[in-house]
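One chain, chain A, appears in both complexes that follow, with chain B as partner in the first and chain C in the second.
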Partner chain A sequence: MASENTESVLQRLTQLGSVDSEARDGILFALPYLLVFSVFLLYPLLKGFYMSLFDWNAFNPSQSEFILFENYVRMVQDPAFFKAVRATVVFVVLTVPTLVGLGLALALGVNQDIKGKRFLRTVFFSPYVLTVSVVSLIWAGLYAPEYGPLNYYVGFLMSNPPSWLNSFTFAMPAVALATIWWTVGFNFVILLAARQGVPERLYEAARIDGASTWHAFKDITLPQMRSAIMFVTTVQLIASFQVFGQVFIMTNGGPGDSTQTLVMYLYRMAFRQQEFGYAAAIGYFLFFVLVSVSVINYKFIGGSDE
Partner chain B sequence: MSTETRLSIPRPKTIGLYVTLYGAALLFIAPYLYMLSTSLKTEAFAFSQQPYWIPPEISFRWYEAILNGTPIMQWLINTLVIAGTTTILVVILDSMIAFSLTKLDWPGKRIVFGVIIASFMVPIYANMVPLYTIISDFGLLNSPLAVILPFSAIPIGVFLFTQFFKDLPDSVVEAAKIDGFSTFQIYLRIVLPLMKPAIAALSLYTFVYTWNQFLWPLIVLQGSSSFTLPVGIVTMQPTQVFQPGAEMAGTLIAAAPLFIVFLILQEQLVNAVQMQGTTG
Partner chain C sequence: MKVAGAAGLTGLAGCSGGGSGDGGSGGTVTFWTLFSGGDGEAMKALVDEFNEEHDDIQIERERQPFDQYYDKLFTSMTGGDAPDLAVFHTTEIQRFTDALTPLGGMLSDGSADAYVDSILQETEFGGDRLALPLDTHPNGLYYNKDIFRDAGLDPESPPTTFDELKTAADTITAETDKQAFNPDPYNRFFVRQFIAWQNGRGGNFLNDDNTEAAFGGSDGVALAEFYHNITNEWNWDQADSTDDRGTKAFRSGDLAMTINGTWFFGVLQEQDYDWGMTKPFVAPGQSQEMTWANSHTLGVPNSSSNQEAAVEAAEWLTQNSTIWGTDAGHLPAAQGILEGDELQSATVWDKTLSTFSEMAQDGQLAYMPSTENNEAYKRPVNQAISQIYSGQLDPEEGIKQAAADVTKNLQG
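Right after this comes the complex of A and B.
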């Protein structure tokens, strides 16, 4: 009886094995990615929260002191943190609308019946393949107060041109302009593809109805391109919130921390001050801001028509 | 009649469009021109107030200074190794799991897919402190693996591949199964060859993305010999005194490889970027 039982169990197991070979293969094929994903993405996400509850000792983690939410309390009381939030918001405001608006304008322009479309697309898109250090070094040269070409031309307009990257007023706009040159091409090509996807017959119908160019833009182009516009806006918001390389290289956060953005503050706290627990808390704050941006965009503005 | 007039005399609106677009193009090209011309200028012209867009006198001394005075070739090799390995890993790992998620049935796969898609939103920068301690615990600081492994786990590739694999008819996989193909053979001999365009697009995108990484390599690569190009050119000091010419020569050397790739594979790269917009 006992052996019969064992036999039937064994039989069932082998049957199960053959039926579920697809399940086994499925898991085997998923495993390599899941392993890397768990160790280098999910685990850090959890460990980050754990670390944020400690006065973390970077040199000897076992000496870390559990302080519950003190790092978060410190954050909301830290004037330097708020300064960094402010600098980040200024950068977002300076870049996101321009990047989307200019990207759209270039896309609509290049979509017209003109010669040299391919050349124009190459030119507008090309900076996107550069690394942030290349972009920052070139623009730091362009802005250089003594020998930079920008001030040579500005010198014709005013007698005392500003030294852009050392100026409280102009440092952030200067970084923003370099960023616009660098990444507007991304929006441009995506919006160009979206514009080319709008059926021409809609415009023909509008023309027959005697609609003006403005009305065609407002009533056909914008609604038809809505999901693409929302997509690039979300991507830009997320990218601009995380700005680091440009400010790190061009201004190093200066003058007087005026261009020190959130990620840069986080970087300094973690890798200059060795304040791992506090930096982890700032990282978590950043994480929640970005998730909220995505969710809000997706839920209330974006995803409804797809 | 109106067509004829339009053909013979360009309308003011058209002229305005040309002026605006080509004017913008000129402004877009100016930074490149600055980099190129400055890298070829002699010291006197590089520091001159007047911008010589075409240098009156051409000198290659800054290129010599960079090639002899900095490990830029080492940085180039490091960057190539990191971007190349990451790309290969992403293609293998992501295509395997995407194949599994779209064509194979197993318990819990919906949850797994959900978790991967949700983690789309996890910015690597928000994760960098805990990730640094993990890399450090593994003893990987300064190793190319410190950059390769975290960037091999990014969910975007899984997402894009699943979008493509969905379009592959299940009947193709079923037919192969009946013919006695093993799951691995189906993946290797049928799915991968049919997915070449998707693989090419994702490879190109991943390669460009990892090649250009700045912050993460800056954190985990701490010795000059392990730097990548983006980190290296910011720290380089090929001359005793700061020289714009030397800096632009280094910048140009760092920008050139990927820029040439871009000029050759422009269509594919534009498609890879546009793909995100349409699937996103």
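Right after this comes the complex of A and C.
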């Protein structure tokens, strides 16, 4: 009896030891990332919140004045902030559905048995490798009112073509179009990979049962690609809410702040107006918006794959 | 994780390090500039000359992009990683006063007397000399003499008043297919000459203690209507405020008259048409004659570990700046250079600098007000006039709204 007990305790201790070593290995593997995460994300995140509670003095941080939530109160009373929110939402609405929809359409198109699909794959993806400054300068050049190629051709159709980036009506759609051209390749590649992962036997079974193309798309393609679609939608929402480089270079927020997005406003507040505390508060607002839309997105089209 | 990445934005300020100069040591002075084109080449030549003449101190020049210069400088100075020496426009010094070293005790004997007094005064803040002036660079009215000839106008009699401008510009519009006049060829710095013309009308831009806009009254509205009429009534230019449109048009010979700074000399030297420059007092209602001006100055950040050498370099660069006048076209702030034969016998003197020098001597330079942060007034005014110019905003409503925005910004 005593020996049985001893044996079982020993067994349990051995099992415990193996669990511990697994946990230890896991932590060791995660440690490099945790360090990077802590230094470059967690610390700035906490420091940003700390700063948002102060009238921050950049040259002499120790002289910063603690004002609790005054920066947040100022934010909800600031018309320029709401203009920036509006501009950002307009950009998100113009880009996200198009980028996801167009990415999906291109992926399904290239997945067909067509000639030159390798070439098309390269063509659709290639703009994505450019930097934001290159893309912005190319498109600003295309949109240029007198010397730009776009207005050269539009000039044949109408006598006074619009000044795209200087117009309240066209500036944001013009920036959105440049962004779509630039980044749709990323969604395209992810969605193409997801489409190629859908088993062909499902479509064969559907065909045998007499399902139409539309039904196969609705009942097989979309549900099977749901996680990939959720992924690109979430990534796209985050990227579009954070838009900065394109508007900064192409329009500088104009005309009349109509394309000044939240991150650009945050940047101006911090680095031009030296209001780091207020800028940090705006950053926190954006943070909570992004957390919220990501959660909502996950609830609606994400969830389990089963 | 992606959300956390987004949230990293909130910590932008927390990561405010960067910059490249590491404070220097021994005889090396790290020096940040924002000059490109002809200015960049002239500054490179000046620094090379300094380095050749000095064995004990060597300047390491580093050029930053113009548009982001002050953002980068600010970041480097708050992060304690600033250069030993940097260029500051006089109107930007105010926001850096806490981070700049007073130069008084480190200057050579008699150094303060080496500069044109009115320019030197702009570098004094709260009783401290925070920088040494390199130049002043006012605006002038540049015009294309070939277009004047084509329109039947006398190329040696450019307009000097609003009435003369109207006659010349109307004639050019009627007689040629060129654009006649653009008041800000960059279409994003309207505020500069607006301030000068507002002063020229006898009005103020801000109130005496810089806490309120003072341009929302009849003078400001009259000027706003002038900008509106140029494009929307008189057809002197297209109703379009796209960046740099005017400077491209002037360089390509499609624009007859524009207002630009001293540096335009370097650009126009490369053109194959005949051009001239005159005083830009051409807005309506000018009872006093004023033009915009700013100065490049050299300042030493607190965090510099090589301040003595940096000050010595700053004194040499600002007092040996002949090439800054002859090649870059700026009006040197050093009295000896300005009055020297080398500058006064150079092409630039006849072409532009003698006229700029006259305006400086006659007290016709309007510096923009130094507020805690000039962005507070620059952006609202630039944005408003830009929209007025492109016909997207009513002039009176636009300038009054800009004045209200400026007051709000100044009062924080």
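The criterion applied here is as follows: the second predicted complex is superposed on the first by the 266 of 306 C-alpha atoms of A that agree within 3 Å, B and C clash if a C-alpha of one lies under 4 Å from a C-alpha of the other, contacts with A are read in each partner's own complex, and residues count from 1 in each chain.
Rule of thumb we're sticking to: contacts are C-beta pairs under 8 Å (C-beta built on N, C-alpha and C of every residue); 3 or more make two chains touch, one makes a residue touch a chain.
Note that the structure is a prediction, hence the values are computed from the model and not measured.
Trainee: Counting only touches as set out at the top, which of chain B and chain C does A:E22 meet: first, second, both, neither?
Mentor: first
Trainee: Quick one: is A:A228 in contact with chain B, with chain C, with both, or with neither? Answer first, second, both or neither.
Mentor: So A:A228 only meets chain B here.
Trainee: Taking the superposition as given, does A:Y147 touch the first partner, chain B, the second, chain C, both, or neither?
Mentor: Both partners, chain B and chain C.
Trainee: Examine A:A176 and indicate which partner it touches, taking first as chain B and second as chain C; both and neither are also allowed.
Mentor: In the superposed model, A:A176 contacts neither chain B nor chain C.
Trainee: Report for A:Q112: first if it touches chain B alone, second if chain C alone, otherwise both or neither.
Mentor: In the superposition, A:Q112 touches chain B alone.
Trainee: Scan A:V189 for contacts with chain B and chain C and give back first, second, both or neither.
Mentor: After superposing on A, A:V189 lies in contact with chain B but is clear of chain C.
Trainee: Please indicate which partner A:L286 is in contact with in the superposed arrangement: first for chain B, second for chain C, both, or neither.
Mentor: both
Trainee: Of the two partners chain B and chain C, which one touches more residues belonging to chain A?
Mentor: Of chain B and chain C, B contacts more residues of chain A.
Trainee: Looking at the overlay, does A:P32 come into contact with chain B only (first), chain C only (second), both, or neither?
Mentor: Touch partner of A:P32: chain B, not chain C.
Trainee: Identify the partner contact of A:V129: answer first if only chain B is touched, second if only chain C is, both if each is, neither if none is.
Mentor: first
Trainee: Residues on chain A in contact with chain B in one complex and with chain C in the other?
Mentor: Shared contact residues on chain A: 37, 40-45, 47-48, 51, 144, 146-147, 235, 238, 242, 263, 266-267, 270-271, 276, 279-280, 283-284, 286-287, 290-291, 294.
Trainee: Chain C touches which residues of chain A in the complex?
Mentor: Its residues touching chain C are 37, 40-49, 51-52, 56, 58-60, 144-147, 163, 165-168, 234-235, 238, 241-242, 252, 254-257, 263, 266-268, 270-274, 276, 279-280, 283-284, 286-287, 290-291, 294.
Trainee: Which bits of chain A are touching chain B when the two form their complex?
Mentor: Interface residues on the chain A side: 21-27, 29-30, 32-34, 36-37, 39-45, 47-48, 50-51, 61, 106, 109-110, 112, 114, 116, 119-134, 136-139, 141-142, 144, 146-147, 149, 152, 181, 186, 189-190, 193-194, 228, 231-232, 235, 238, 242, 244-245, 248-249, 263, 266-267, 270-271, 276, 279-280, 283-284, 286-287, 290-291, 294.
Trainee: Can you check the complex and tell me which residues of chain B touch chain A?
Mentor: Those in contact with chain A are residues 14, 17-18, 20-22, 24-25, 28-32, 34-35, 38, 46-51, 53, 89, 92-94, 96-97, 99-101, 104-107, 109, 112, 115-116, 119, 121-123, 125-134, 149-150, 152-155, 158, 183-184, 187, 208, 211-215, 219, 229-231, 233-234, 244, 247-248, 251, 254-255, 258-259, 261-263, 266, 269-270, 273-274, 276-278, 280.
Trainee: In the complex formed with chain A, which residues of chain C make contact?
Mentor: Chain C reaches chain A through residues 2-16, 71, 74-75, 77-78, 95, 98-99, 188, 238, 240-243, 245, 248-249, 373, 375-376, 379, 383-384, 386-387, 390, 392-393.
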